[in-house]
Each structure stands twice: as C-alpha cells, then as structure tokens.
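We just call them A, B, C and D in the order they show up, numbering each chain from 1.
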Amino acid sequence: MSQPDTARLLIACDDQPGIVAAVAGVLAQHGANIISLDQHSTDAAGGRFFQRTVIHLDGLAAARPALEASIREVADRFGMEWSLHDTSRRKRVAIFVSKYDHCLMELLWRQQRGQLDIDVTMVVSNHPDLAEAVRGFGVPFIHIPAGDKAAMEARQLELLQGNVDLVVLARYMQILTDDFIERIGAPVINIHHSFLPAFIGANPYARAKERGVKLIGATAHYATADLDEGPIIEQDVTRVTHSESAAELQSRGADVERLVLARAVQWHAEDRVIVHGRSTVIL
Amino acid sequence: MSQPDTARLLIACDDQPGIVAAVAGVLAQHGANIISLDQHSTDAAGGRFFQRTVIHLDGLAAARPALEASIREVADRFGMEWSLHDTSRRKRVAIFVSKYDHCLMELLWRQQRGQLDIDVTMVVSNHPDLAEAVRGFGVPFIHIPAGDKAAMEARQLELLQGNVDLVVLARYMQILTDDFIERIGAPVINIHHSFLPAFIGANPYARAKERGVKLIGATAHYATADLDEGPIIEQDVTRVTHSESAAELQSRGADVERLVLARAVQWHAEDRVIVHGRSTVIL
Amino acid sequence: MSQPDTARLLIACDDQPGIVAAVAGVLAQHGANIISLDQHSTDAAGGRFFQRTVIHLDGLAAARPALEASIREVADRFGMEWSLHDTSRRKRVAIFVSKYDHCLMELLWRQQRGQLDIDVTMVVSNHPDLAEAVRGFGVPFIHIPAGDKAAMEARQLELLQGNVDLVVLARYMQILTDDFIERIGAPVINIHHSFLPAFIGANPYARAKERGVKLIGATAHYATADLDEGPIIEQDVTRVTHSESAAELQSRGADVERLVLARAVQWHAEDRVIVHGRSTVIL
Amino acid sequence: MSQPDTARLLIACDDQPGIVAAVAGVLAQHGANIISLDQHSTDAAGGRFFQRTVIHLDGLAAARPALEASIREVADRFGMEWSLHDTSRRKRVAIFVSKYDHCLMELLWRQQRGQLDIDVTMVVSNHPDLAEAVRGFGVPFIHIPAGDKAAMEARQLELLQGNVDLVVLARYMQILTDDFIERIGAPVINIHHSFLPAFIGANPYARAKERGVKLIGATAHYATADLDEGPIIEQDVTRVTHSESAAELQSRGADVERLVLARAVQWHAEDRVIVHGRSTVIL
C-alpha cells in the first residue's frame, strides 16, 4: 500500500548477465534501500527479463530527478523499458458499469475500507439505476445513455482523457470500439464471467449449464481490440453441481467475479502486473 | 463399496407426482431397507426425474426376481428407465494407455489398496513400455501396436466384447473410431488434460502457457463420437503462475489428471453417474 | 428460495425400515408432489436417520392442518421429531455486530440483491458506528452500549424474544452468557475467524502468523454455552504465504469470513442444517 | 531441477541497506549470471532478511573456491548466514515408514518419473510389509523391528549418520526421541494427518469426524523435539461432508497427505525452505 518515500521500479529487457547487480548498484549508490525485489526470466537462456523492485529513499521527491538520471543510464546500457512509481500517488480509476452492481460495489466497498489502494474518481454507466448507490460512497456518477456509438464514446473520452490512470469494466455490457480503447490513454481491465478461454463470448453461464461443467469461473484481463483475448491477470473457479440452475450458477459466479476483479485491480494498483505478449507476469 | 445383500436401483423418467412413494412402497413391500436415496429433478415443473436408491435386502440373490417383477410394474406405470446393480458384482474394467503412466498407476494403485471398487481385467496399450509395471500388479498387459486402424480395432474388440463393463482411456493417445466406440458394448471414460471446453484438442498445456492462464485443469468425461464433447463427469484445477514452464504445467496437470480420473471411475463404479443429454447428474 | 404452496419437511428418528415409504406415502395421499428429497443415515445399521423433503401442494395453507395430522400419525409410529416450514414465511433475523462491518454488509447486501432468503428485522450493536450504513438498507439499528452485563442482556432479550427466528453474531465482540443464549428462544449462528478447532479463542490471526500456517480459515457454527465448541455449519480456507503480515492475514481472512457466514445463514434459512450432537448434517 | 554449472545461494541476516547490491555485485564480478532471485524481509524496518539466488557460472566446480571466498567476505561484513548448493548434487534421502504406503509410494514414484529431484538411498521401517514394493524401485529396504528404543535408534543412527542429507517420516508411527533427532545430523520432515494446529496428536480423523469439520487437511513440517510443533512447510485441505465415515475421511485425507508431503520434500530439495523461528519462509 502507499507509504511515504517509497517507490516501485519496473524494468523489462532482454535477459543478459549483470542486470540485477547494475540496478541494485545504482539504487545503493543513491542510498535507496530495497524493500522487496521480484524478478522473472522467461527462459533459462535468451529470454525476456522482468524485475519489480520496491525501494525506500528518504526525501524521495527531491532525490528523484538524480535517481532517474542514473537509472536512465543503466537502462540505456541494457536496452531496458522502465518506469518508477511513487507509492504515495494512488492511481485514478474510472469504473464503467451497466446494471449488475456486484463487481462495482465490491470495489467501492474495499476502497472505503482501505483494502484497495486506488482513487475511484468517477463511475460511468449507460443506465441510471446505480446513481444513488455510487453517490452514497461520495463518488461522482455520470450517466451516458446508450445511443449513437460515436457520440457516446466521444462523451466518455472527454471524461477520461488525462483524468484517469485506469479504466475498470465492472460488468459493462457494451462493446468498446478498438479506436476508443486506443484513445483512452490508460489501461482497461475487464471482468469476464467465465474461465477463459472456455465460453468466450455471450451467455457463458447458460452455456456452462448446458455443457454440464463442474466448476464455474471468472477471468480478469486487460481489454484489447479482440475483447476476450487480452492478457489474463487473474482467474478463479468455484465448484458447482448438476442441482444448480443457470440462475444459481450466475449467482455463484458473481461471488467469484467480484473477488477475481478485486484482486486484479489491486495487483495493477500495486504495479505488480507486467504484460508480456498475450500473457502477464505477476511480480 | 461392495456389501453383501446390497443393491443400487437407478431410475430415470419424466417428472410426475408419486414417483418416490411408489418406488419406496415397492421396496418396503419386499422388505428392502433404504440405506440411501438421492434424487434430482431438472426443473421445478415438467422436467426429467432421476433417483439412485441403495437398498439392503436379506437374501438378495433369491429375492431378486420377485423384486424386479414388482419394480417392472411400477416402471411401466411411470415410463421409467431403470437398472438394479448388485454391489457384490464389481465392474470389470479394461484400461487403455500409451506411454504416460501416471493415470494408469493411480488406478492400479488405488485398486490394490482397496480404495477403488473395480476389477481391472486387462490393460491394453499401443506401446510395450508399461508391460512390467502392469504385470507387477497381477494384471494382464496386452500390446497391440498401432498400425492398420481397422485391424487394430478388430483385435481390441475381440478382447473387450462381453468381457468388460467399462473402458478407461488413461491418456491413450490414439483416436477411436465412432464405430469402435459403439461396438464396445460398454461405456468409455476418457481423461482430457485441460479444463474443457477450454483448450479442446491437442497440446493443451502448450496453449495454456501461451495464453497465460492462471489455473490448469483436467476433465474426465464419457467418450463419444465427438471426442472432447462427451458428458463431463468430473473436473478440477490447480493454480499456476507465470514462472512455470510448459513442462512444469504438464507435471502439475498430471497430478490433477490422476485425481480427477480416479474420482470419475470411482463414481461410475458406484453407479452414481447418470448421463442426461450432454451433461451428467452425480447422485 | 421461497415459493408459493411449497414447504420443507424435516424429520429425524432412529433408523429403521420403511421410513421413506411411510413419509412418501402420506405425502402422495395428500396430493403433495416431492420436489426434492435428501436423507442421511449416520450408520449402515442402527444409527440416526435424517430427511429433508421439499414438497409442493396446491392450496398449502388450507390443506396444512390435515397434512400435519397425517404426518403426526406417522411420526408417532416411528418416534420422529419433525417440523414443516412454509417457504413463503421467511425467517426473521437479528444481526449482532460491533465495529467490523464486513460480515454485516455482506448479509445486508445479499439480502437486498435477493440472494439471501431472510428478513433482517434489526441490527443490534454495542457501538454506534454502523448506524448510518445499516439504516441506509432500511433496517432498524439499535445501539445498546456495553456496560452492566445483566442490564444489557435484559434489553437485548426484550428486543429479541418472540420477534426473531435466528440471531447472527457477525463479528460481535462480546461474550454471551449461557443463560442469555438459552433465553433468546432462537438459534444463534456465530462466525469465528479461524479454521476451528485450530486457534480457538482470541487473536487467531496473530497466532496463525506466529505459527506460520499456510492457510487461513473461518468457521460458521451454532453458538452454545461453550462458545467455540458449537456444531460447525460451514468452513473454508484461503492460501497465504510468509510474505503476508498479520494485518494482511486479517484482511484475507475477512473475505473468507463473509462468504462462509453468508453460506451458513443461507443454508439455515433454507432449513438445510440439522444439528446432530456436536456436528451438523447439511441436507 | 538439477542443471550443470548451476548453484543456489541462500543467505539470512538482519535487514540493512545494500545487501542485494553487495551480493549481486560479487556474483557479477565472478561472471555468475542470476537466473532467479527471491528475497523476503520480515518487517518494513528492522527485521530479518532472507534471499535465495539461483546462479549459472561456467565451470562452477573450478570457480567455486574463489566465489566462496568473495561471498564469505560480504557475509562477514553483513553478518550473514549463508550456504551455496550445487544443483547437480542431489540430496540423499532416507524415508522412514511403518505400514501405510501411500506417502512412501508417492515419493518413490515421483522420483522414478523424474519429478522429484532427490536420491532415495534407503527406506527404513519397523515392519517388513513394504520390502518388496520398495525394492521393486531399486531402493534398499532395511527392517528394524520396534523393540528396545535405545537399541533401535542406535541401529538407525548407524545407517543415517553421514549417509543422508534429509530424513522423511512418511507416516512413521513411532515417536522419535529428542536425542535421536539431534544426532541424525540432517533435517527431518514429518507429515501430520491434520491441518495443524487443529487435532494435534493421535487419531485426528476420528476426532475430525466427531467434531463435524467440513475440511480435512494435512501438514508437512520439520520434526522437532516437540513433534507436532515444528516449523510448517506446507498444508492443504479437501472438502468433506457429513456423509463420509471416519474411514472415508482417512482415505480422502491420504490423498491430501501424499501431495502435501511431495510438495514439501520437493521444495526442500530445491533449497527453497528457510526456517525462521517457529515458521518457514518459502522462496
């Protein structure tokens, strides 16, 4: 969670000897203490290297420019992509929702209880139903009715651009255009109500019932142009039996959805998720 | 498990009032005590009704003809399909295997320990590799090399027809023809190394790795002409992370496969699985 | 869930031949259709027998007296305890809470969404903190400050006696006297924040951290004089690692607590839980 | 698993700035590539620090003395405990067993399949029953009948001292004396057939049945003088119901035991387990 004078350094580059030592050396030289360090190489030899380092540095704000300059030097040498995140700056999040409230409420509730390190700056919906519930948490609720797609997305982009660091689709039952996803300027996390890649597409619970599966799942993933194909962040399942109707499967699944989405948003908020091709590394 | 003078009565019919009373009445009239009774209706109104009743009746063998005559009468009245299974007659099982031994060994081992109420009467393989391991359990091992498909299946049918009550495909890496499945004259249980319907088909672990899923699963199902589409008996999953290679996923998955297959075979052996369309009811 | 003209019949007696047939016969004779029937015998021979039968009977209210008379006749013959619950009469529930809101909110929220078939008729607390949150659901909140134990319990009994069918202790951090539990006149469900019987008593999360356990659990049970020894209704666990602090274990555990308590209350509401000595049978 | 020219470096010391950099610097200076690095600090400030680093170094055997000298220098500066493990040297393991074979067979079987990176150099038992099964794996079986405790332990120590790196109690139903555990000269892993600290002591399944728990567990831990109090390495549970007898709970539990023990032994074999007081850190 957010702590004063604490930052998270993410790096990604082709695997090669000396990366850990070089980065740790720069941090030590600036007096930064390593609180935790996690890394992952995709292959024993010749793969991609990822590292997340949480550091503590007294007077972080003042020391940051010099530290960044040194990191940049190392990054250039190793061909790294990198980013440094001050933990005291919480991510600004917009939540998109339609009529189902369970995922939305779980996020608002956890934030209120101090369990989720984000700022929910707005909730956007194509239905007015949840206005009162959302405003009860002190969060703005903006109703943009479905209609002309282009006009609708234009209004949404006005709200989002420059104002948010993350968009969460909390069972938002509208399809987003590729163009829209690209122009938001922030990552988008979606919750899909099945264990992907099983039951890609619509009505997964009805299809799960028909197919007689013994486990019901949910998948949180980054939204991409191809909606159900984005990199998976988290998944979970719960056991069901033949005696449960499609409606009961939906109710059981809703409990999985809200926990899976909450974990995915939390990990993203803590800069623990790195996208690697079609998959993710969770550090 | 098998008990003297104990039988399992399975019935299936369209749901209608009075079924439970009629069946229980017949059983009481013949002096049979109900040890357990499980039933399931697919809908509150107008669906399909399934019931599994375990009964104890002193002198079952002698009393059976009269009991069956009475059951037949009730069954005709309600339009029931039914079957009565003496628990002292264990199902005769043939296991088909290729080179992977983990599912095979799990079944042989559980049977030897008295945890699995079946008689494994033969193991059939297209490879000779596992002959010694199988014969060490006192079970015949028959090697039928892959080659001309028709000739191979003809030899297999000679072995199976009339000799087995169940065929288990314990990671048997050969495709069975529709005709073969129909002519065996016994149900066939297959273990698929994924959480169906995700990753239908070949190489599910490689595809799971590529897709970055967070859970690895296995599915035991009845084999039908459309191999990965048969009614699902049991499924389970285990959690994995980005740090596991495709080979490690395979190893983790193998542990799930053997437990899922063992449970499915056990439930089938106890007459607990009823097929209903594309799904199953487990009573 | 509640349905018109639907009732649940619970029976318990010493196991003996003919019970199922006798009960099913009475139901059939009154025109009641069996929607579902679950039974359990504690031993193959000579144990205790439990049965839960859900029935549909047109004009239940009018037909009930005659049906009950017939059931009473059978019950006397077999020495049965029995009860008949009209599903349209939802149980009236009082929730006791202190300052932790997660279990309380889960119950109120599920009830509001139609997922929990109870009427929460009051929330009683020794702290005023949660008044606004509770009243936002349209539920009365009564603040009875801790103080003289006898006076406090006397006020609580005034509220409860005759007014509730169930009391739920949703992390209520006060000890109840034996006398109080007896005089409430309704069952009491408590949620304990550990996998009982591990970590009986106070501060289970701190002790779990110290002991280095790898799973954190929660237990919902009926409260008895010996608080953590009552019959267990439901338990579950979640995996944790050495990297989580005692505070994080508490947060992780809170997610388990609310799901476990919600399931236990739901099963009780559906008359699915029968107490048998120190344990329960869930039908 | 074991790889040529690969080693695992474990360190533990009081937390302080610069540890990661110092260690990474030494490794880089000797040309060792970091394959993976995991670390853990018990507290944000002033706790204990643990790190496991897997390195690859061409010509490890020849380079090792110089590398160790440099590590020793850093270790002295930071007050570190440390050890360097060549992955090509597999741990020599003795398995102690009585009559239950499920945990023993699981270990032998996994080793044979190449899933468990250990050398089982002997199986020691107080019963002769499993001799043939063990020798079938090409592993020596030594039968030391129970009798005079001191004489029995003396014979066992003769076998173990200097010959093994790990002792695994795979459901060994004899109590070990404190003196014996101390004199073995190798760590001892025990599998306890319950979710510790619930049901410490004998007959946990019977007591679990009596108590009506809804989950059955197993715990693998290092054996200490106080047998069921040693540091926990791994735990897991499986869901059970009222309908399962104590014997069935035992059978269900056996499946959990063998998986939990196999995971614990594997993690120990990979030098991933560090004892910290009464608990463990798994890196």
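Please note the rule applied: a residue touches a chain if its C-beta (ideal position, glycine included) is under 8 Å from a C-beta of that chain, and two chains touch if they have at least 3 such contacts.
Per UniProt, the chains are A, B, C, D = Formyltetrahydrofolate deformylase.
A quick note: this is a predicted structure, and the numbers were derived from the prediction, not measured.
Student: Determine, using the mean of C-alpha atoms as each chain's centre, which chain is farthest from chain B.
Tutor: It is A whose centre lies farthest from that of chain B.
Student: Could you work out how far the Cα centre of chain B sits from that of chain D, in whole Å?
Tutor: Here the centre of chain D sits 37 Å away from the centre of chain B.
Student: So, what's the distance in Å between the C-alpha centres of chain B and chain A?
Tutor: 42
Student: What are the residues of chain D that contact at least two other chains?
Tutor: 36, 40
Student: Which word fits how the chains touch one another: line, ring, star, complete or other?
Tutor: Graph shape, chains as nodes and touching pairs as edges: complete.
Student: Using the touch rule from the top, collect the residues of chain D that touch chain A in their complex.
Tutor: So the residues of chain D in touch with chain A come to 3, 17-22, 24-25, 27-28, 31, 33-41, 44, 56, 239.
Student: For chain C, which residues count as touching chain A in their complex?
Tutor: Residues 101-102, 105, 109, 113, 115, 136, 251, 255, 259 of chain C touch chain A in their complex.
Student: Would you pull the chain B residues touching chain A in the complex into a rising list?
Tutor: 40, 195-199, 209-215, 217, 231-232, 234-237, 241-243, 276, 278-282
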